[in-house]
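Structures given as structure tokens follow.
Same chain, two partners: chain A is paired with chain B first, then with chain C.
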Partner chain A sequence: MKTIAFASLLIATAIVPAQAQSSPQAGGRYQAVLGDCEGCHTAVGGKPFAGGTVLQTPFGKIAVPNITSDHDTGIGSWTEADFRRALREGESPGGERLYPAMPYPAYAQMSDADVASLWAYMKTVAPVHNAVEPNLLPFPFNIRTLMAGWNWLYFKPAPFAPTAGKSADWNRGAYLVNGPGHCGACHAPKTLLGADRSAALTGASLQGWFAPEITGAKPRGIGNWSAGGIATYLKTGWSSHSVATGPMAEVVERSTSQMTDGDLNAIAVYLKDQPAGADMQPASASLRSDPAMQAGGRLYRDNCATCHGADGKGERLIFPPLAGNAILVQSSAESLTRVVLAGAQAAGTKAAPTAPSMPSYAWKFNDAQVANLLTYIRNNWGNAAQAVSAESVGKIRAGLSGGPSLANKE
Partner chain B sequence: MAQLLPHKDVVIMGLGWTGAILAQELTESGLDVVAIERGPWRDTATDFNIGYMPDELRFAIRKELFLQPAQEAMTMRNSVAQTAMPMRDYSSFLPGSGVGGAGVHWNGFNWRFFPNEFQAKTHLTKRYGAKRLNELQLEDWGITYDELEQSYDKFEYVCGTSGKAGNLKGQIIDGGNPFEGPRSREYPLPPLKMPYSSTLFADAAKGLGLHPFPLPASNMSKPYVNSLGVALGECTYCGYCERFGCANYSKAAPQTTILPVLMKKSNFEVRTECEVLKINLRPDGKTAKSVTYIDTAGREYEQPGDIILLCGYGLMNVRMMLLSGIGHAYDPNTGKGTVGRNYCYQTQGSAARLFYEGKHFNPFVASGALSSGLDDFNSDVFDHSALDFVGGANISCGTSNGRPIGNRPTPPGTARWGAQWKKATAETYQNATAIGGQGSSYPTRGNYLDLDPTYKDRHGRSLLRITFDFPDNDLRMSRYISDQLAKIGKAMNPKQMVVSHATKGWNSVPYQTTHNTGGASMGAKPDTSAVNKYLQSWDVSNVFVLGASAFQQNEGRNPTGTVGALAYWAAEAIRDQYLKKPGPLVQA
Partner chain C sequence: MPWGVQPSRRRFLASASALPILAFAGGAMARSISGTLPWQAFAGEPPKPVNPLGWFFFTPDEVATVEAIVDRLIPADSLSVGGKAAGCAVFIDRQLAGAFGKSSKLYMKGPFANGLPTQGYQGTLTPEGRYRDGLRALNDHVRTGHAKSFAQLAPHDQDAMLAGLESGQLDLKLAQGLSTRAFFELVLQNTMEGFFADPLYGGNKGMVGWKLVGFPGARYDYRDHIEKHNVPYPKGPISIYGES
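Take a look at the complex of A and B:
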């Protein structure tokens, strides 16, 4: 046994550097997993890759196209060159510009080998006749040619280049995070025109959620997480620090939970090495005696402690911890507010299938109560972050009305 | 005309405990499974919302989770000489409805039956002679405890059960139930923390030389991750278990144990608010071809399948067999026929209510199965040679709830309303506890289930008719148990004690217990059982009938553990034997 394990270890280490820019699993299905293509291109309850999901962007709605091999409504008539250009340059065969909701600025880094594998796989996807009119944007954003200007401003396509002096894992991680994984699409701050302000994964607001900082920052990023903890989170949706919910739950379910352990470790190694974003204003020292903290504490004990515990530690695989959970101390409390108001469901994966839900409290707490509660959990058990205002809660509540909610049917 | 739907490998009626278990096990084998469930979809965060105050009026009094008589009623009578009348409300027992079934609203008691109870007839005849069993119609189950042990184990580990083993592979363990059958391993979780009442009871019982132990509870004493990887939270002792869904993911239910895995499978589908009307047989009557069901818009569908599993509440399974012509209806006059035979209940009348002064029982610190109990007077643990009955009861004391509407004990002689009642109920709330005997219920020739000749449901189908009264054997048992309760109660030193026992004339109005068993009993012989040892219909070989309907008699403990074990047992037989060679697994 020992000999075999040692031998395979040798082979693994021997292969990794050579493979840093392409993926260890053949067949192209894995490349679709890495790119989380299904995350956008498969609608809830719909056929795989048949499109139809409507993305909410700051500029308006974009419907996701059908990319099955259907000749009329999908990409069945495309050539590999067409596919490569759409994926990496954001231009469809008719010369039409894609919107960067399709993360071609990230996919531009994908290796030729990975794109070829992915194309081979896409050709095997069963054709589904589903005509989708993708462009639901208002004027002037509905003018696709404007994207040429956007591209001129922001799109600097460059194939992935390994960084010398970094490990094979680090470089593989960099490729996955910035290339097919397109983590920055959510986690990197955006310009007014929706481009990544920088490649730094310092957190950003998107679709009503705040995608947290995932740099090596402590405690706001994932600096306190072990590489194994990050890999476990991406594999299962759970770590001892946090749980995936909202859009990240979908990413975990459809993409990262299906990645190889080696790739998850590579992502962890790379992310932990990313420099922290600018320090935010530390919490006020007087916050602990603040009336908001007192009021929030009372609400917490009456409504939250049953599951999350008086000590904020939660319970493994069922109730997320609040103490030391980086989500709680982000510069924005948008995700937290949303979870309290609308409820949320954790990711459900093969390794952690529970997918527990938290109900909506929108009917129960007014804006000031939600603010007090959030201020309390952001500043208790060693957490420290800015207080939350009732006004900011009110804005999010207004944005949620009519949106998805776990409120009781009555 | 019913719309014919595409074929499925397995069609399940009812998505409660047994439906969820069979669906999970058979989808693992790659089969395409559909469950047809009469009630609504229910999940923890939406339907048992932790953000709400637990609502006793909504769930315990108005019974929101239960089957309503407008959907399906039953008729009842005490003997064949009477004319049965419809029960206008479900109240003596409360069948579940909706996804999760009774697994949503149970307390969480998760027992195993004793080994000799599966051979009750043989065992008791050998020990006491056939004459002692004259009034009774006991039969062996065609299965042994040893065969079922691994299935019990599976169910306990899926549920996450808090308890203390008393018999590990034959070795008697201190603190557990010394009379239980051997277990292959310890309970998945340690016992719940015992409340004051249970401690007082256990101390008194030990002083009398008896053997108290913490009752097995599928309420989590610790956070638990079950054998399917599904996590449950630690019980908060809120006391809203029975008649409620657990808001805290702390009570085992299909929702908290199996459905998170099952619902993700592409080869499983549940159709809720769809009611099965009939199982359709092939012309030769030896196999079933499909299930006809109706949705809430009144549209009928015919769902063909290779294997049909009746996983409704036991009473509904029996009715479906009778409505569909699966097997032969039991006739109490001739003793022939098996469907509807050996219907049993539970003999719950034995109780000792204890009243104190200056105590703080804190009954609101509660959990469904939070009890200390003893089996010294249960089943055939004790010698019945000098007695005039067989059977017995588990005797226990605990706090399953201290809810404000339902839990208002008052000493005898208190006014039932007004100022005196208010004063007494305030004084007594902290000062009362009770010891109960959960007694066996043994079959007789005259207790049975059939189709009512007069009353029909909204679809024009005959209602189920229950003909039942407590057998004299069971009433003598109840008196004996009450005598034992009195001895233990006295040792608990109350200021006042009121002892009662079961009496003749089953009354369908006061709540007693939702432990209705039998009617599609399992056995080794087709003339005294409706299904074989694998719960397969003797007559229609691709129909399996799950649930407590398979019991030949009910014993002095809650049936769910045995229901779960039999479900795993049947699933294994289907997977390992039936799929390889469809047809009767036991030759009649």
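Take a look at the complex of A and C:
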């Protein structure tokens, strides 16, 4: 009797995941993971998909709308056709234009089947009554019809087309990266009007962070990473080269850590094959005897080496390495400056739940000290990048809101 | 009989007495965290260095006396600067002006009884009061013999005076319950603290005390040195505020 019960339990557990995979609802849930919908539409501590988060864009603030199935304040009254048009064409049922903070230019590549599956899931999301006035932008950006002009300039919707001669993995990766994953929303350089200058993922500044280059470039991109290393990073937040923090930590936590291993591998295969951006400046030999390097080295030894190591190698899953870490040698030191001033926390995932954090040094270092320190870590252990100026640190410090501890001490 | 069916009297009492404690702890302290650990940008409690200028407790006369004492307890020599230059008097002043001076973290109500020698001072005076009374009594004593204040004495006379305080041969007219020797030991203890405490607190200027004894200060990672036996540690000290 017991044996039979045990056997049927085994069968039941074997069947459940298979069912989950095949049900349109579970498939749609996975589409929401791929598109990282919750990254914007679920506020911190809020109900899933109920919106309310305020995004800081270069043009002003945009509040993220409620997309639960609530009839009055969500999208409960929409049809599948309405949903498809909003997702892929940036137009809501009333004919209102969406702002491209909603990455419809990327979602335009999503297949009919994936959109249908996502819609099936969205209909099952519990309704939450939460009225959000999304349009907080200043004039003239608050005029939604202007987006028609923006679309005419920049929006070239095209369904995803596989590239002949590339592997199935590569093409799946291309679809995920440029379609639902909308990696370019952060990692592609922008025009003055906030459109992707090109699809190339050569790094861009956004919301006070610099999203690094993620092409096959060495060492600035991820050319030195193995495909397995990239997949591990997206799954856990950690690789032997770097750790996800800031906005990328949110992406890892809410989206990539929940993707299948096959999809993560596909993304890795595609990214590694992307051509590098413009050539970087080689290390200046004189930099090593530079007073800034000397001063930065002393600061590093006294404040940083304890965790990140005198050799810059860090400790696995606790302290990210600095030697060979691509984020250190980006053209912009914006993220680095921010991390030193404000501190940072690593992504916390099922596979790496510790989420260690780095303390804030705003109270301890003045602008010149931060600049010297960054110049040093950007040009030591084989790293090579432009020196950082105290002025650029000062600008970033002024732009951060962190209370009195932020003041630059003389 | 298995536990739960009919508890023994002892078990019942033990578990019943635990209940109120559990209820209190649960209500007062419990906080559950799920997902990743909470974290905030700019979080931190930066150390607050003392104000290096001026005097917060000592009168000008007391400053002169204390500076003279600390400079004899730790005289300048070929190894280091003296106690005055190291900021020991500043350190003691800031301590007396703060919680230490007022014994604000100690029980200071009666009954007052004479304790054992190992129990230290048991009287009614806070450190503020002991310094004020001790310094007054010291200068009263010096003036009756020399017509000078302690600070005006020649160094070897100061040394003789301090030796007398330490041995108990010299008996100052102190408030009840405070012995001459106890006063001396209080000053000696605080002078050493001022010489070796973090510079944040006003003493140990330029980490002179740490450099003297080879203490590396607020460093906390010795992995690159731990296996180099009998090799002096090569890095100089670092203070809590990052001075090195």
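Here is the rule we go by: the second predicted complex is superposed on the first by the 375 of 410 C-alpha atoms of A that agree within 3 Å, B and C clash if a C-alpha of one lies under 4 Å from a C-alpha of the other, contacts with A are read in each partner's own complex, and residues count from 1 in each chain.
Operating definition for what follows: a residue touches a chain if its C-beta (ideal position, glycine included) is under 8 Å from a C-beta of that chain, and two chains touch if they have at least 3 such contacts.
Just so it is clear, the model here is predicted, and its values are computed rather than measured.
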item	value
Superposition on chain A - do chain B and chain C clash or fit	clash
Which superposed partner A:Arg301 touches (first chain B, second chain C, both, neither)	second
Touched partner set for A:Ala342, first chain B, second chain C, both or neither	second
First, second, both or neither for A:Ala81, with chain B first and chain C second	neither
Partner chain in contact with A:Ala352 - chain B first, chain C second, else both or neither	first
Partner chain in contact with A:Arg316 - chain B first, chain C second, else both or neither	first
Chain B region in steric overlap with chain C, selected from 56-64, 218-226, 416-424 or 470-478	416-424
On chain A, the residue positions that both chain B and chain C contact, one per complex	303, 306-307, 343, 345, 348, 353, 355, 357, 359-360, 364, 406
Footprint of chain B on chain A - complex, ascending	303, 306-307, 315-319, 343, 345, 348, 350-361, 364, 406, 408-409
Chain A contact footprint on chain C (complex, rising order)	35-37, 39, 41-44, 46, 219-221, 224, 235, 238, 241-242, 244
Touching residues on chain B, where the partner in the complex is chain A	43-47, 49-52, 223, 225, 228-234, 236, 238, 248-249, 260-261, 264
Interfacial residue positions of chain A with respect to chain C in the complex	253, 298, 301-303, 305-307, 310, 341-345, 347-348, 353, 355, 357, 359-360, 362-364, 400, 402-403, 405-406
